[in-house]
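Order of writing sets the labels: A, B, C and D. Residues in every chain begin at 1.
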Amino acid sequence: MIPFRKVLIANRGEIAVRILRALREKNIRGAVVYSDADRESLAVLAADEAYRIGPAPSRESYLKAEELVDLAVRIGADAIHPGYGFLSERAEFSRLCRDRGVVFIGPSPEAIGAMGGKVEARNRMIAAGVPVVPGSPGALPDVESARTFAATIGYPVIIKASSGGGGKGMRVARNDAELAEGYRLARAEAGASFGDDAVFLEKYVERPRHIEIQILGDHHGKVVSLGERECSLQRRHQKVVEEAPSTVVTPELRRRMGEAAVAAAKAVGYTNAGTCEFLLDATGNFYFLEMNTRLQVEHPVTEMVTGLDLVIAQLEIAQGQPLGPEFDDVVPNGHAIEVRLYAEDPFRRFAPSPGKIQRLRLPQGPGVRNDSGVFGGSEISIHYDPMISKLIVWGRDRAESLRRLGRAIEELRIVGIRTNVPLFQALLANADFLAAQFDIHWLDRKLESGELAPQGGDEIPEIAVIAAAIAHYERSQRQAGELPQGEGHPSGWRALARRDARRGGGGC
Amino acid sequence: MQLVSRAGGKSERVTVDRQHGIYVVEIGGVRHEVDTRALGPWVMSLLVGGESHEVAVVRAGEGVYSVDWRGRSFEVELVDPLTHLAEISRGAAGKQGKKIVKAYMPGRVVDVRVKTGDRVEVGQAMVVLEAMKMQNEIQAERSGIVSRLFVSAGEAVEGGDPLVEID
Amino acid sequence: MIPFRKVLIANRGEIAVRILRALREKNIRGAVVYSDADRESLAVLAADEAYRIGPAPSRESYLKAEELVDLAVRIGADAIHPGYGFLSERAEFSRLCRDRGVVFIGPSPEAIGAMGGKVEARNRMIAAGVPVVPGSPGALPDVESARTFAATIGYPVIIKASSGGGGKGMRVARNDAELAEGYRLARAEAGASFGDDAVFLEKYVERPRHIEIQILGDHHGKVVSLGERECSLQRRHQKVVEEAPSTVVTPELRRRMGEAAVAAAKAVGYTNAGTCEFLLDATGNFYFLEMNTRLQVEHPVTEMVTGLDLVIAQLEIAQGQPLGPEFDDVVPNGHAIEVRLYAEDPFRRFAPSPGKIQRLRLPQGPGVRNDSGVFGGSEISIHYDPMISKLIVWGRDRAESLRRLGRAIEELRIVGIRTNVPLFQALLANADFLAAQFDIHWLDRKLESGELAPQGGDEIPEIAVIAAAIAHYERSQRQAGELPQGEGHPSGWRALARRDARRGGGGC
Amino acid sequence: MQLVSRAGGKSERVTVDRQHGIYVVEIGGVRHEVDTRALGPWVMSLLVGGESHEVAVVRAGEGVYSVDWRGRSFEVELVDPLTHLAEISRGAAGKQGKKIVKAYMPGRVVDVRVKTGDRVEVGQAMVVLEAMKMQNEIQAERSGIVSRLFVSAGEAVEGGDPLVEID
């Protein structure tokens, strides 16, 4: 084992801060890079060392693989932690680090590569006995062959155009009759749309949930599962709320999914932290989707119910330490929920809401954890993902963690930008969400139908009129010079102008 | 001080008065005694009767205030009663004649879906703005006729830049 | 059971905020009172309702029992939560609430009274079979009687003057010879000092630890122990750091101490949350000191290792609900440490350091909990206890929670007032503390001897000179008007003047 | 800019210069390049070489700055080299002649343990102040003769009020 003395973080925002915390607890120096947009970020403030990497755009800064490795070598960093996003799942970056003698805190380039290509990954999973969504190996010449294949995988099935996409040439069939009909229509439509009427069959997974398994693999051949995360609540494939454990995963199913995930990881010689994403249908069948070969945004919910620190585990694995017994047969303790706070306006179709956070007060107290990348005064730039903070709650059961979530959301104060908090308020008032009755399409459906429209969107609370009236009164008094010094809120109003004039922040 | 509040589509008579440190706000005839404190810029603590409210108030325009309360933002317009009456009489209350739709964030215009002279309805997409790797439709906040276009596809805009004028 | 709809909190600061969190999670309206010094406190901001109770001094505000109960009745509060300190342990306040038909969230006046008087409490504990420090019933006429009694309780013993105090006329004896000598000296000294040479004997507890047991009692006769807290680290009898569990308490000792605490509570018909404080000697003997008939400041460490919410438990008990099975045979999970952040200057003999918190950034992330009563901009008044926030960390074991504590202390930012953070930094560098080798006198001893003097007290880090030099440079440039707009830190320096001029805060 | 820093009992030559946005600070001959940002009032982010430091700087007097760093406060005095030399020559460096000991918090004077003309040593208790229900000894920060008393027992004082003058 080579103990690290210094680690470079090739990332930004909350995850850079999260990694810095782990490094400090391991007594390892933490160095970060920053783009011109991030010089005043929390990550830079929290780091032991900080180096400029380039202008704001990612491709000119956080995606500059060569420069990052050069920097690591120059400052004597033993390893690079890629966080998530950016270069974290680029096989060539992992290889580049290896070639330059810098430890990449993640899997080998081979493992990343093997899981990177959808087709190769699928075939290796099949070979490893990991269930994947069953599909016909190739195009089906006639309805007979289709019926035969359908019989082998069972209904319902979906007929897809080989060269298709965007829903065109797709038909769901629940029995032989629908299959015959669908097959005919699908071919016709495919031919018309793509000039190629070849179609194939796939098992149709109804109302699936997104259940993922967190795994860890060390460099001594040991791979463990730390249980599942329920990530079905997604808006346009973007996770919004994550939980652990899932209400639909029994201990027995947890064991089977865990075994599948471990098998998947072993099949590609996987090391460090990774996540196998599965589709879970209503009858308890699960199908491998893909493997995320990195730390997940939602890793904290697993930490909350296992008591483990996944980033510290990543560091220890990368240092060559074997996974200890504390990682064996982990059972979830209580229930955790994470909500992702985005700088986006749910009243404007979740349009990004960049700007300066004038005031920030994070919720605190029992069962509440904040993984935040910002502070009062932070500038939310348009250049990066609009996620500003993660709010994680823990309770002895889901009901308690839901109550905590509601309390924490109430407590949170973010002034200066719009956030998606109203969405969480709406979710906490929704019976399906409270009963954990959802699938991966649920959130988009509810947002479409307007059922999750933040309550009382249009109707204005009296307190807003009162506040505005007082502000207006004071402003006119001040303009008329009638308001004696110290009366009213001089600070509030002068400050406003002032703040616009300067770069200073509105609090910590 | 006599005012008319226009918010959420309805208007009410509002009077504000300050009596030895306490505000007395009357809305639609209902009287509220309000003890206020400024917690630095933007943020105010209001005690209305016994109820405690923390709000952030930002002036969004002439007589227009955006109030943050419990994670939500509300826009309230305050005008003096005479102006209000005058506007009603010419049927323009809550309309203020021409309306300029602005970019609420910096970004790049990828598509302009209206031209001058077009009639637009509330919620209709007029401009598509790209920022944070996402495309965002800028919609008409009220119905009317597009009387002016300030941008064309491909242009970069700053937050607050005018995009479309609706009359 | 009577479900509460509204509860009045007869307290301030962090505990008022803590109770408001529990109320919100139980969906009960929370009302607070505030003195003129607390109008802009976090408690007022976080409350559903807030009412002025009087001027800043406690006796004119938070101690006004009659006014508080009147207010509760007027606003229709079903119950009053007294927090800790102030009226929380006044039997007459508990009685007053009962007489006025307001539920007092705490024990009955009888239970408070029984535990309030030292002598009565001691006798009732003896009757209940709870171990107390053995002592001779009365004065001992001669050395013979002293030797006889010493034989019954065993050495070491301490000889004390009956009418004594302040250490005068006290002698420790470890054998018969020392006893004879000490008896003679003690009597002479006592006679000289107090004009009364009567002396008595007590068992001398060497290097004792302060170990306390958290108990809960419902209104159906059930009393449970939730395990111990290690509170030996005290400065002038003021707890500074608390832990759970204690490194010296074995499961078997935990069981015995728990049984003693439960017996103590049952002996006085105790209900709601309470704490039995014990002295624990090096050989595992423990002696009842006193019972705190209220919620303790340090209750969070018990919450962290049990997963229970003690304030919610208090509410449920007060509503008449029975203690459920989740309170049976609770075993600690992991290890928690709490440090109390005080607005006091360790470099000035811990003199209070009131003033405005210009900037506050609390530590966040895994295993960190803040129970805080302040925000950026808060005024720390001279009228109340200088504790401003509690930092609680959890780890799978003590070593991990110590690492987390170190990390969190590093992360904490408080600007504008002095705090006792340097004391914690010194503790985290102290071998005895890291090894949990201490007793109730340890901290005072180490502070006396200067061993815990914050490291490098006098020697100034280069960064301080650099920062001062830059600030000085900018100031002179600005005065000379040579610094172009936007250069340097106009905000920093203008703001300084500005802030002094106004009441506004420096952040949330 | 040429300066002499006096802190923690020792003095050093310091030069500060600003070159295209970057500060160059030389202390005792060692050169530091410093990139600075103000994070609103008081707080500064400093990158010294690669090292990141968050500090809060408050002006505590003429040329005197109190710097908060990693939970601790340090006082640094900066004077121009000539003043420094002059002070050394009359053996007054770091002394500035008369020293007025101030109350560092509001409270009530419960005891005054010195009288004018007394000689006091560093750390000697001169006044006992009560605040937050605690008694706090105000000690002599340097040795000398008590040349003036500003308070007497029972008086209430504000933070910053002068208590004792030592010559």
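What we mean here is this: a contact is a pair of C-beta atoms (placed from the backbone, for glycine too) under 8 Å apart; a residue touches a chain by one contact, two chains touch by 3 or more.
Quick caveat, the model's predicted, so the values are computed rather than measured.
In terms of C-beta pairs in contact, the better-connected of the chain pairs B-C and A-B is A-B.
Of all chains, the one whose mean C-alpha position sits at the greatest distance from that of chain A is D. The centroid of the Cα atoms in chain A and the matching centroid in chain C are 40 Å apart. Centre to centre, using the average C-alpha position, chain B and chain C are separated by 49 Å. Our note on geometry: chain B versus chain D, Cα centroid distance of 50 Å, whole angstroms.
Rounded to whole angstrom, the centroid-to-centroid distance between chain A and chain B, based on C-alpha atoms, equals 33 Å.
With touch defined as above, residues shared between interfaces to two or more other chains in chain A number as follows: 359, 377, 410, 413, 415, 490-492, 495, 498, 503-508.
Counting partners per residue, chain D has 38, 40-41, 43, 54 as the residues that reach two or more other chains.
Residue ranges of chain B in contact with chain C, taken from their complex: 35, 37-41, 43, 45, 47, 50-52, 54.
Partner chain B is touched in their complex by these residues of chain A: 345, 347-349, 351-355, 358-359, 382-386, 409-410, 412-416, 418-419, 421-422, 425, 454, 458-473, 475-477, 487-492, 495-496, 498-499, 506-507. The touching residues of chain C, when paired with chain A in their complex, are 17-18, 21, 24-27, 46, 300, 303, 307-309, 326, 333-334, 359-362, 364-372, 375-377, 396, 400, 403-404, 406-407, 410-411, 413, 415, 486, 490-492, 495, 498, 502-508. Of all residues in chain D, those touching chain C in their complex are 1, 3, 5, 7-9, 12, 14, 16, 18, 23, 25, 27, 32, 34, 36, 38, 40-44, 46, 48, 53-59, 63, 65, 67-74, 76, 78, 104-107, 129, 131-134, 136-137, 159.
Contact residues on chain C toward chain B in their complex (touch as defined above): 31, 39-40, 44-45, 47-51, 75, 377, 503-508.
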